Amino acid sequence: MSDSAIMQLKQDVYDANMALVQSGLVVLTWGNASAVDHERGVVAIKPSGVAYDALMPENIVLVSLETGEPLPGETMRPSSDTPTHVHLYQQWPQIGGIAHTHSRYATSWAQACREIPCYGTTHADTFYGSVPLARPLTPEEIDAAYELNTGVLIVEHFRENDLDPSHVPGVILSFHAPFAWGKTAAKAVEHAIVLEEVARLALMTEQINAQAETTPQSILDKHFRRKHGENAYYGQPK
Amino acid sequence: MSDSAIMQLKQDVYDANMALVQSGLVVLTWGNASAVDHERGVVAIKPSGVAYDALMPENIVLVSLETGEPLPGETMRPSSDTPTHVHLYQQWPQIGGIAHTHSRYATSWAQACREIPCYGTTHADTFYGSVPLARPLTPEEIDAAYELNTGVLIVEHFRENDLDPSHVPGVILSFHAPFAWGKTAAKAVEHAIVLEEVARLALMTEQINAQAETTPQSILDKHFRRKHGENAYYGQPK
Amino acid sequence: MSDSAIMQLKQDVYDANMALVQSGLVVLTWGNASAVDHERGVVAIKPSGVAYDALMPENIVLVSLETGEPLPGETMRPSSDTPTHVHLYQQWPQIGGIAHTHSRYATSWAQACREIPCYGTTHADTFYGSVPLARPLTPEEIDAAYELNTGVLIVEHFRENDLDPSHVPGVILSFHAPFAWGKTAAKAVEHAIVLEEVARLALMTEQINAQAETTPQSILDKHFRRKHGENAYYGQPK
Amino acid sequence: MSDSAIMQLKQDVYDANMALVQSGLVVLTWGNASAVDHERGVVAIKPSGVAYDALMPENIVLVSLETGEPLPGETMRPSSDTPTHVHLYQQWPQIGGIAHTHSRYATSWAQACREIPCYGTTHADTFYGSVPLARPLTPEEIDAAYELNTGVLIVEHFRENDLDPSHVPGVILSFHAPFAWGKTAAKAVEHAIVLEEVARLALMTEQINAQAETTPQSILDKHFRRKHGENAYYGQPK
């Protein structure tokens, strides 16, 4: 892997981690972002427990996409959530970046063990349907390999519920917090921001109307397709 | 249209868009402000999907008030909500600016499909009565012309409910978000700020007292007339 | 009145108005602070409807404590709430400053028409008992002299309920918002900040426990007396 | 005690107090942080009622760990909560710093007189189980020695409920507010931040699901042990 490619990957992941903080999604050190280079088989991720204001691009840790182990020469320990990230990259070649936070509203839905209903177009623009809730890990799964099995659980949940990670770019984990992803680390951060925002709107929507109804299918379809697919017309032509 | 008039219109709309962001009403790119020059038949509006920190006054797109199409020479795509804005300007010559956001509290009332009751003088100072709720579009209206029909629906709602857009300078759209307007783009932004604030106060009012009553008519009248009409005495003499 | 005394009074009121904004209690132009010089019979108050970022110390308007009319030479219109301020100063010589805002939590309690219960020591440190709620004005009182009668109503409420404005430095007005006061304009602002904070804590307290009990009398007495009266021991010796 | 050791202790406590403010946990002067030098028998603590923007490292007051009285030469009055801090240091030699705030969410749980349930991993990472609630002091305890008895009550509550202050680094006091502690003043501040955050998440969790369940024991154990004890693997090797 060339020096400049390594440096760019580390820089992208550094930028994504700092964007998480600047977006107000992170308290203390509770969050991490990563990116993958599928071709070279390398994942770049935040080091574990490092304060954001002490983080530098060169601290970003490179690990093997195949084994999840740090590449030779790496001296810092990667995020404790690395096995989760690596498993998602292994199973979902269509994604290029992942962001994990304990953002307040999404985490509260996760703690409440409820999926986040789609109550409006703000949600439908990015998530095609509810933000799904993955079940708690069993004591056996926790003992065996907590972080790896978190990844396994997410992929299983999407497979069993016939969800496409490109159309539903995030999940909340029971008693834990959200993960979001996208084609790049920057897109993963953007989706983490949207997830937090729709979690916030959904709570307030229910507070205003305890019998609130979810968005009609016709509006859900329209808004998702305004931004996605071949007939998308939101934004500037690429 | 003279160069200086064009530049001023674009600058006003740029300023209004940036004011939306500075007021905390906008997350990511979810918002847009526009202004119209009724005499020249020109509407100026934010380009679609452009990040606010990359926006410049010259990026503001000019479209025809008659057709809603970009004027010759424009290279950027206008906001996807342009047909909504243009229809309101066509039907309501008394307004000169429009602001659309997904601000949190107003959007939550929109998602909850409830109009916002007038619970106090903060509301009555700007909105004479509830902030109205427009019904969801039908699948047929969505398929035919989503954004145009959003504008048609707003104007119909005001006509059928005998509401004066000068006395009720905003609306919330079911499952979507708010629109606000005023004599200028700057006034539209101010009304978007008020709409968000009264949406926030109304939610908290109901949380404090589930049987809260709306403002008595005498207080509603007094506060609206302190600021509007020939006997207004709030602010400095014009 | 000497030039330097005038300038200091205007500066104090300017500083208090800006402190309201910096404390996050004010949206747009919804707030005003004043101070009185009882000896000279002069009240200084914010001009009506002037944006805070355009406000300068010399814009502060001087009005007569006796008549409430601007002193000769004043060119700007004083706050529309001036008659309320002047009446309180006339009736309560022990206060020297007043702050009025539409701060979110206090305003929501006012809109909900509930007094703010004392749920803890944060409240008891400043307000000896509930923050009182004044009733809505009648249509006749509104028509006759809205702002003056607001002041009359506050003073009546304190008299009829045997409340001491030195021990209960604020009130909320039904369907409207809070007023706070103190020995100086700076103290009035501080009490406006406390009022907003205890309004916020009280709402959340009830959300956490719908049967929350108010602070026991022994704790209320202890905390109020830690900060007030001859045995106070909070803060540095004066 | 050497000049440099004194200066460092004061600087650490100054830094901790300023970190409380920068973290948004403190309104006005409602908060204080302290540290102890167990070997030298000295506690350093914020002076009472001093505004944070006027605070300087040299204002931090030194008091005796044995008597709680200011050391000879100290001219400022220490925080009125000093007897609480000193008693905790006397009883719990394993802690080195204490932070007290009236942070909004933790204070609301305290006012609601409910312990804060552990609803997820954000909580379990720092607090092994609920954040405990200490009962209100009796009128007799208040009259005899309010602040000292607050400390006595905290220590008793932990002893009677078999709680380890190293595993549960904070408490909320009925009708009052939280205290947090740690090995250093900086750690105490960090735990005060976590306590506020989990108080906030817990309220929202219950708002989303009124029947929310607490974190399963297996997840609680896993998360606490990821960060604590000999098999901890979060963060960088020490």
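By written order: A, B, C and D. Residues from 1 in each chain.
By definition in this document, a contact is a pair of C-beta atoms (placed from the backbone, for glycine too) under 8 Å apart; a residue touches a chain by one contact, two chains touch by 3 or more.
Nothing here was measured: the structure is a model prediction, and the numbers come from that model.
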Fill in the blank from the handout: Field rot_deg for pair chain B/chain C, CA superposition, rounded to the nearest 5 degrees, holds 90
Exercise for the section: Determine whether chain A and chain D, two copies of the same sequence, contact each other through the same residue numbers or different ones, counting it as same when over half of the numbers at the interface appear on both sides. Expected result: different
Handout entry: Inter-chain centre distance, chain A versus chain D - centres from mean C-alpha coordinates, in Å
Key = 33
Handout entry: Interchain centroid distance [CA atoms averaged], chain A/chain C, Å
Key = 47
Completion exercise
Each of the following residues of chain A touches two or more other chains, namely 206-207
Problem - Complex contact set, residues of chain B against chain A - result: 27-28, 30, 47-50, 76-77, 80, 102, 104-105, 107-114, 136-139, 142-143, 146, 175-177, 203, 206-207
Handout entry: chain B to chain C touching residues, read off their complex
Key = 119-122, 190, 193-194, 197, 200-202, 204-209, 212-213, 215-216, 218-219, 222, 226, 233-237
